[in-house]
């Protein structure tokens, strides 16, 4: 079984509605996310950044990184900036799989297990977990490294992923020895 | 705005795990579903049945109807049997859109609003609502005509559809005058 | 390497434009097709029928078989009628892969090599070969068991499949010992 | 009817097999391509660059431009470099539509007609024309602005697009007044 870490939607200028509760939640999981991404690098775990382009079709890693750094919370961006040598996939809608190159990339790399980190637990994380499950990927959600807007819906989303999508709920510290 | 009614996964032999609570819930919504399907027919609303093939790739409407009628709860099948003249789409996974002809069919018919009825609220209904939302269809969930297994997750699913997928929650009686 | 035989678009009422040259070509390859399908059955090679629904969304194997038998050339239908126990996939456009369940079915069956038979060499066969190639399936076109409308374009199509899609051009007699 | 110009696979380091005949053909159509792209800009025609990433998942517009400029034929790259403000879509396989964001982008922009320029006529141009046709886009191939490797197959490809995919074959000078 070959795994990959997906870092989802972390390049966010945080200027949208509901940005406040999201920023609070991101602030809380940022150390875990950062540790997770570093350990992935150290252990040569394939890491793929997938990020919404917010409707700008000329934007990719560099443009989305700059825009996020110039947004409302650069301190939440700086620690998890995607390095230039890692795969970066642009998405236009909520799921990381919808009309993107991601499934093809993962199949080429013979990945069959996905670790999910990023935002928002009850939205893009949930939808991406579902699309992964439908495609027969094993899914692990790193619960201390996913950020939410609505704590009640986030809890329900984790419960759905575990009960109905056979996702494993794990913590950063248990990801790698 | 042109609407279509989707009748999801109602051809079920009810022999799977968790069939008991599901049957109870279906029993409760069956009159509303039946009324909804009849009114759709009377008002010439496009109605599409979408059903899992349970892994049998030779099965379509007739085979799936027979198998369900020969299952554990024929009384839940008989009232909503798909008539031979309506569109019928086979699916192999949870979402009605995943690797099926449905989106193409709906675009050809110029449909942009979907009414959802069927089962299971916190699984296939939720996932189909999501995939419809991602594709920019307006979604209305007919809350008294969707059946669940887990009432708590079903409630959370309805809440997610309303809050995060802009779905309208409506009742059968308000669907048509 | 696990193979599957795809029988493409053979349920045709032959009432469309260009039906005459197509019927002539089908008449010529029908014995090879029939031998191929029989040998596939004898050697337990997975065989999947994929057929256009000609815009009728309520139609599946039985309806499409009946309609073709009631068309202009029942003698071209009868020998290759899809048996009820084989996988049957409905398509709405030219490629067998476009918005159908086929890729999912083939992945589930762990198929990685496709043998193509059916019609029309320079249209649906070519397009299906392309979509198979893009998805990394190995493709073999059974040249005496594919029917064409335009012999020049058919020849060019075979040449393209061989040169640019790495398809193998084989004859029925070499398919199985 | 809203049109868009697709510039396909022009960021090429020309270090692959068959690069020689392709470069000759590109050299011949480069003035027409350049004129086409400029006129598109002048008349505010939506222009989208779509380019293979040659297996490098960290690459987007800037990286692919640099690599092509550092390749075997920078003089074929410089005149058609994608400007930073235009949509740029990365693809991993031959068709511009296969597992990319392109269809979603075009639907969002309400485009229903595509003008194709780029390379290779009998490969990616043909396959993209097909995938556009299957999705009901009108297709125009700008014949003096598409480059080929094999002139015979290229001619057959143009013939197939015209005959079987209802593509219009036009010349640059007729695109805009």
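Note that the chains are named A, B, C and D in the order they appear, and that numbering of residues resets to 1 at the start of each chain.
The rule is simple: a contact is a pair of C-beta atoms (placed from the backbone, for glycine too) under 8 Å apart; a residue touches a chain by one contact, two chains touch by 3 or more.
Quantities reported herein were computed from a predicted structural model and do not represent experimental measurements.
Quick check for the class: compute each chain's Cα centroid; which one is farthest from the centroid of chain A?
Farthest chain from chain A, going by C-alpha centroids: C.
From the mean C-alpha coordinate of chain A to that of chain D, what's the distance rounded to whole Å?
The mean C-alpha positions of chain A and chain D differ by 32 Å.
For chain B and chain D, what's the span in angstrom between their mean Cα positions?
It comes to 41 Å between the two C-alpha centres.
Can you tell me which residues of chain D touch two or more of the remaining chains?
Counting only residues that touch two or more other chains, chain D contributes 93, 98.
Could you please write down every pair of chains that are in touch?
A-B, A-D, B-C, C-D
Where on chain C is chain D touching in the complex?
Chain C residues touching chain D: 93-95, 98, 122-123, 126-127, 130, 133-134, 150, 152-153, 156-157, 159-160, 163-164.
Inside the complex, what are the residues of chain D that reach chain A?
On the chain D side, the touching residues are 48, 57-58, 60-62, 84-93, 98-101, 103-105, 108.
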